[in-house]
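Structures for review follow.
Two complexes, one shared chain (chain A), two partners (chain B, chain C).
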Partner chain A sequence: MCKGGGANLRSLFHATMLKTKLAALLLFCSFVCGAVASDETVTRQKLVQAILSSGDEQQKLLSELADDNSKIVHDTLLSWTRDEIYLCETANGGAKIPVLLEEQQDAEGKARAIRIDDGKYLADEKGAELHFDSSDLNTLDTDMRLRSAVQQTLDLLALADPNRDARRDVVQKLGKSQKKQYLPVLQARLGKETDAGVKKAIFVAVATINLGDADPSAKIAAINQLAKLNSIGSLDDLQRAANSQNADVAKSAEAAIKSINGYLSAVNFFGTIFRGISLGSILLVVALGLAITFGLMGIINMAHGEMIAIGAYTCYFVESVFGTGFTFRIVMPFSIGGHAPGFGATIPGLHASGWFYETYFLFAIPLSFVMAALAGLALERTVIQFLYRRPLESLLATWGVSLILQQCFRLVFGANNVQVNSPRWLLGNFTLNDVILGYNRLFVIAFAVLIVIGTWLLLTKTPLGLLIRAVMQNRNMAACMGVRTARVNMLTFAFGSGLAGLAGAFLSQIGNVGPSLGQSYIVDSFMTVVVGGVGNIVGCIYSALGIGTADQVLQQVFGSPVVGKITVLICIILFLQWKPSGLFAARSRSLEG
Partner chain B sequence: MKRKTELLAVAIVAILVIVILPLLNASGIVSNFTINLYGKYLSYAVLAISVDLLWGYTGLLSLGQCLFFTLGGYMMGMYLMRMIGNLGQYHMAIPDFLVFLGWNTLPTFWKPFASFPFALMMVVLLPGLLALVFGFLAFRSRIRGVYFSILTQALTYGACLLFFRNNLLMGGNNGFTDFKLLLQQDLRLPATQRMLYISTGILLLLTYCFCRWLTKTKFGKVQRAIRDSENRVLFSGYAAANFKLFVFVASAIIAALGGALYTPQVGIINPSEMATDKSLEAVVWVAVGGRGTLVGPIVGAIFVNTLKSWATRAYPDYWLIILGGMFLLVVLFLPKGIVGLISDCGGWIAEKFKTTPVVPDLKQTPDADSLPNPQPAIRNP
Partner chain C sequence: MKKFIRSFSAVTLAAFTLNAAPVLHAEDTVKVGILHSLSGTMAISETSLRDILLYTFDEINKSGGVMGKKIEPVIVDGASNWPLFAEKAKQLLEEDKVACVFGCWTSVSRKSVLPVFEKDNGLLFYPVQYEGEELSKNIFYTAEAVNQQATPAVDYLLAQGKKKFYLIGTDYVYPQTTNLILFKYLQLHGVPVENIGGGLRKDDSGKVISAGKYTPFGHTDYQQIVSDIKEFAASGDACVINTINGDSNVPFFKEIAAAGLTPASCPVVSFSLAEDELRALPTKDLVGELGCWTYFMSLKSPENKSFLAKWNDWLKTENYPGVVKEKRAVDSPMVLSYDGVYLWKKAVEKAGSFDVDKVRTALESGEINFAGPGGKTTMQANHHTVKNVYIGSTLANGQFKILKTFPEVKGEPFLLKGLDEQLEKKTAAN
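Now for the complex of A and B:
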């Protein structure tokens, strides 16, 4: 007799809406999966058999289930290990029906039961669905042996997971357990496995299991195997082996640790170089903009960092618009008639999802260039054009602008950092000989290369580039030849600022975006320009990559980012003693300054 | 005639600030808070003069003056930390933050700071030496103009990062605070604060007199010549680098002395004081007050800081916009600052009433040599 089987009318009524929806869904599913339906029935029958049987037969049935890589098996077994499978004894005949309780509960904390044999809701004779409280039902009895059998089946299922990262995790877990019983499973999988990374993981796992062997010679073989595989993850296990009583084992383990440590430092080194190059690429894009404006106009733009922030916030804005929308409100600091005036705007979100949402970054990149370029244009027209002959004052005025912009960011976007969700295609990474290469950093490097080529083409192959170079070399002469220098200045400044905006777009993918984002890059990028030689793009490339890499390498060497940074600064100051006008100084017969 | 009026004006203001105001405070008319606040402003004014000596008179825009100011403050802070003795939270003979970092004994370099003369010597020596080394390297390789500004900014940035580290054993993020005694006097007593205020006033007066004297000598002439056209100075046979080095070191020491008096009055010194922003803020004071004059920086420091005290309370969200906007306006429209504006108005009135013929003042042309042709470079492609 089912306890609590009297399904009350209220909950029945309550569930009607959901039921119709579910019915439609089930209909749809059965329609689409018509071909697989028969397979599914067989699987479900097998599951029920496995649940209801006992002893050796149960073990056998469970191991058969391991060959069936379907979601139902996985989910049901998982619920089994969590004691979420219940047995319902029907009134007529006393047959036991294994069920799962639905997660959604009604007002009384009761839930409908899903039959494992056909996936439908358990109903009474009249077809009314029954609702149960979990305490009303008998939990399926399990013991240690059964649990481990179920768990093993789950592991085997996971070994056949279509996702290679999931497969690798399982392999590593099995290896770490050091249980001999997994050896045949792993060997079997090795035959079917196609992915090289997972294969290596299986080799490591097998060796790790063998490391737990009592026989010293097997141990030593396993240790040598691990050393050959350069398995960084096995260092702890090897350390344990090195402490063992057996002198031979300890000796070979120590040798293995040494060899793996050597490999590890090589991996770290290349990882550092990679991060250094990606940092250098961002620095390059930032400094390229500075090099152009500084080289052309002799203007030090302290607000260049805020152009980076504009680019980054544009990214955030575009992401918000693709997502849930964007709202801001600014309240004026004074009140008129007891009412503080303010303004604000709400941009409704597109609530995009899937691939459409992932493309937001493709829209954000050009937009961040345009926004930063427009801001640069406005800055040039309103402030900088009056200060061309006073470089020191331009530094100070643009610092004023930078303060104003920073505060505006705080007012519009809030004082806290905001997070920009990266599109999924930038999130992952791939591992090359244990060196982790993030897609976002690779993307930054590739894009920096594109930008450098683009800038070079613009400067050397276009009419605008010709004018820019002419003004750069001799402003007065260019003006005499009819070049509208004011216009060239304006466009160049906008272009330089736009490059900063692009850098901001990349930075938003690597870290959080805050109002003072630009400040942390501005000192570095000025250094880059000065070291590279003002107005020289090749010098800028060398110095950006050099400073970026030196920064990362020294961070590793000193084990502290701050000491690394300070050392870089000191090196730069000393470098300028040797080459005061940078790596590639513009040769000139005139007096400087 | 003009000189005499100036002397008279300075004497009157000095007596007002150094004698009358403390007397009023002692008799209870001026509050302790006000005295403390003005003491802070006066030490800022010392810093502003040091910026002006470099920027206004020598054409070197240093963005590192706050570093020297804070270093001076730190040296004084070390003495004050030693004077806490075992009155700290942990009742140990060493400063609290060292206890917190797991030290039981005093690190060696902390030991001599129990002596006030030694601390005072370090206030002068450390910033002076740093300025000497950095200035020697920078001026030797003829780093000038904006390059000098960028390099000093980088130096300050690096030092700021360094002082944020706990491993430096200089208090890390929190710096030094919770001072108790200065020369056996309780720092919290109004009388001590009053004495500190008077000392700061005297320091400011001395700094003013020193700079006044320096800029009137032949040395001062060379200084301004470097500002207006360094190449001509070089061609005339002067070793411009030595002149610049002297001014750089002198202004670093002046700033450090200001910082040393700032710390006991404010009661805290931490690395955020040497952030690059602060140096730029000090430049704002000079620009607003009027660069190339000695009264300008003092007026600017007091004016901008009074404004800041008010605005950060009244409009906390808009203070940075006010500061940035003010700076923008001053650079664009008031290159001579408040003092220049007043003297211009004076000149205008004088012309209007035709009492005396207007003598054209020495024009502040910072980059006279770059005026006719800013980029004369003929560069090889």
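Now for the complex of A and C:
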């Protein structure tokens, strides 16, 4: 930097005005850069001092660091609270050098050490970078007092964090401490804050701190403020205030609790409706395929659950390929000549990371449709086509297929459940007036809407849809008119199975992926289709949403998931006694006989 | 066809006799039973224990056996069928006349074999964390008692400044009993009843008989419960005590993540998730959540390092049918099985005999200890052990980072009665 500055100085003497200006700019830049660089060195030195010192001096250094809003301070202190700072003793002199270990590990699980004092890799005398195993290094000793001091510094730093959730958490924390010393910090932040959620949190925090005030009128003002803000998180504090000796304070606190509880029940009401719709959407996605294979075609397909599992495993497979790769090996349970025969395959992984990895799910969705549709096609050609007029035999045969498929999953993917990591854009939530709308739940609702629209378009707007409807209404007549019914059956069944595969792809994001995945959804699927009315896709939509909402509402009412579910099932039994053909009775000719 | 069947059965009979033939040199061996489910729902967990026991026997046999006798394992399959466990126990004790049995995972299987062991005066070592409130003279519990897992975890959370505790579990005896103990323990440590979430169930006299929220095995929809937790945690300083077993943990943790409950704001401490279970869970969603066991695979002690190295070598060379070789994890129940075998060995050597009564006296003396992978384990007169308890937080690779160690915690099976008395005293004092 200094050299660069020197060159610029020299050029000042021999240049035209324009050049002078340019050079001055360069000079300025290099000064700023130099200042930043030296600033960072100073910061790093401060950090090392804070780490290596002890007692009150350490506390003082830490509080000084709170003014320094740089990434390096934040990262280092965070590692400190997580016990990820290690002390390396150098061979020469034995001075202790605080280091962080790099996240990237080599094959032996060792990583390079980053020096905190200059940000470079720790090297030996010859300049070769050293690799360490975290278990061989000494962590920095931290006691409770020091930890809380580090944490406090971090909290103050976090007020300016770019992530709004982090800011909100820390604002809440400072408010809960009820320490007046934080009031100016919070007020200062309020001026700069742009996010509405964090602003509300700051108002709540300020009111909570004021609630700790000794003066009753200040207390009452804070209570009224909290009631106005509808702060659910303050209920506990208000309850304490309601037990206070001062009658006025207690009275206004009780009024505030009442008003917040009213707000809370509204939040719960909308939350329950949303959760009901999302559960209904899952039922719908799971049952829609069955509404076609069972409802329209009249096949009691017990292997429907395994079609769902195929979709889920496809999702796992795609995730593995995007990650570390996929290997399977099937070993026969007997041995010939001392070793068991077997076969297997390895598909190398793409080792994708970042946004590319996050897109794996977008590839997995169509692929799971294709895989399940192909499996359905094979099932139709090998088993079901011979059983169209024999529903009981098809029940038994497809149940057998379901057992075979489950065992295949065990052989290829193992008896244990497999890990499917959700893409980051499906995690997290969107909070609207304290009603939590999870991204994965919003996604399933949108997904269900898209699938329903797609199915409707296919059945009503395409030539294939026309043929499907014709064959399902009257197979013989359609055949007389020259429709290749066998082919239409095959395609319809494949389409229904493909829809099940889509359901599986989604289920892999919210639950388990294992060999018995399908078993846990098969009953729900049949229930939805039967309640909706066999042979009627609109009925299936109504029944899925109805069962989902009823389930969530009753869970909320009874406070127990089991009682809620039992009540739903009893209601369904009673309903079917009253209307045996479901919500919407089918009027297709194929079921008249 | 008949002819075929006859010749087939003849061949199988011959095969059985051939198999049985080398067993008959009884003088220099001692028979030891392994009683685990090798099929059925529990096989996923229990097969690991069979493997580690086989390894331990090999290790002991290589270094000279027990009092000069080689251990000869008799493996029976409980098949996740509780009455069958009792039958198999009877077979081990009465027909095979084993010196000692290592086995059982679920509490119900242990309860099912208990009368058999008491009647035939057998010896059982039980290795899996359990709810306590039981003490049989024929069972030695190397398992974590509630005060070696649940209460240390609560102590840790209280020290972290947590003030509200939400209890959730699967609906069966272990979570119910543990949560009831914790409900009393928390009150004793100054947590008011309204700060213990999940709901209470009382009997007619108003006595609390169940605390916390329960879901059945295999439950998948946790939306409502998690929104309840979110509301409970809104006022800060809250945490969740999770005794959900098996599969249901996946939808539970996915929902926790989606609701924005982070380990920083509201940590979840789980008592049924060890390294072996984490292999089947999306660990990225669990990073930072807590666990509490008396052994973690990530322990840095030299005993643990050499144990893991030898176990991995054994896996490479062992050809016992059904032993999975890839991606194996070691967790607390496995290590407690391993410790159990060594405790038994040392007790036999102290007693100078395989006789059950003499071995029991030796074990009860309080002098039998073993420096295992998880630290020193000492058997006490109350059939439970003294050992270190560790709190760990989950890492993305399915391992735990150890946050705190409680050294030499004494196992104590009967907590409910003592807690009731202490609570009464406390309310009387107020």
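Quick note on the criterion: the second predicted complex is superposed on the first by the 433 of 593 C-alpha atoms of A that agree within 3 Å, B and C clash if a C-alpha of one lies under 4 Å from a C-alpha of the other, contacts with A are read in each partner's own complex, and residues count from 1 in each chain.
To be clear about the criterion, a residue touches a chain if its C-beta (ideal position, glycine included) is under 8 Å from a C-beta of that chain, and two chains touch if they have at least 3 such contacts.
From a predicted model like this one, the values you see are computed outputs, not experimental measurements.
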Chain C versus chain B on the shared chain A, clash or fit after superposition: fit
First (chain B), second (chain C), both or neither touched by A:L279: second
Which of chain B and chain C A:F361 touches, first, second, both or neither: neither
Which of chain B and chain C A:V562 touches, first, second, both or neither: both
Which of chain B and chain C A:L576 touches, first, second, both or neither: first
Which of chain B and chain C A:F409 touches, first, second, both or neither: neither
Partner chain in contact with A:F322 - chain B first, chain C second, else both or neither: neither
Partner chain(s) touched by A:F493 [first = chain B, second = chain C, both, neither]: neither
First, second, both or neither for A:G271, with chain B first and chain C second: second
Which superposed partner A:K176 touches (first chain B, second chain C, both, neither): second
Chain C versus chain B - closest C-alpha approach in the superposed model, Å: 5
Common interface positions of chain A, toward chain B and toward chain C: 560, 562
Contacting residues of chain C [partner chain A, same complex]: 43-44, 159, 171, 199, 213-216, 218-221, 223-225, 227, 230-231, 234-237, 247, 250-251, 254-255, 257-260, 262, 264-265, 279-285, 298, 300, 401, 403
Chain A-touching residues of chain B, taken from the complex the two chains share: 55, 59, 61, 134, 137-138, 140-147, 149-151, 153-155, 157-158, 161-162, 164-165, 230-231, 276, 280, 283-284, 287, 314-315, 317-318, 320-321, 323-328, 331-332, 335, 366-367, 369-371, 373-381
Chain A to chain B touching residues, read off their complex: 298, 300, 333, 383, 386-393, 395-397, 399-404, 406-408, 410-411, 472-476, 523, 526-527, 530, 560, 562-563, 565-566, 569-570, 572-574, 576-577, 580, 586-593
Interface residues, chain A side, partner chain C - complex: 83, 135, 144, 165, 169, 172-173, 176, 232-237, 264, 268, 271-272, 275, 278-279, 415-422, 427-429, 431, 436, 438-441, 509-512, 514, 520, 551-552, 555-556, 559-562
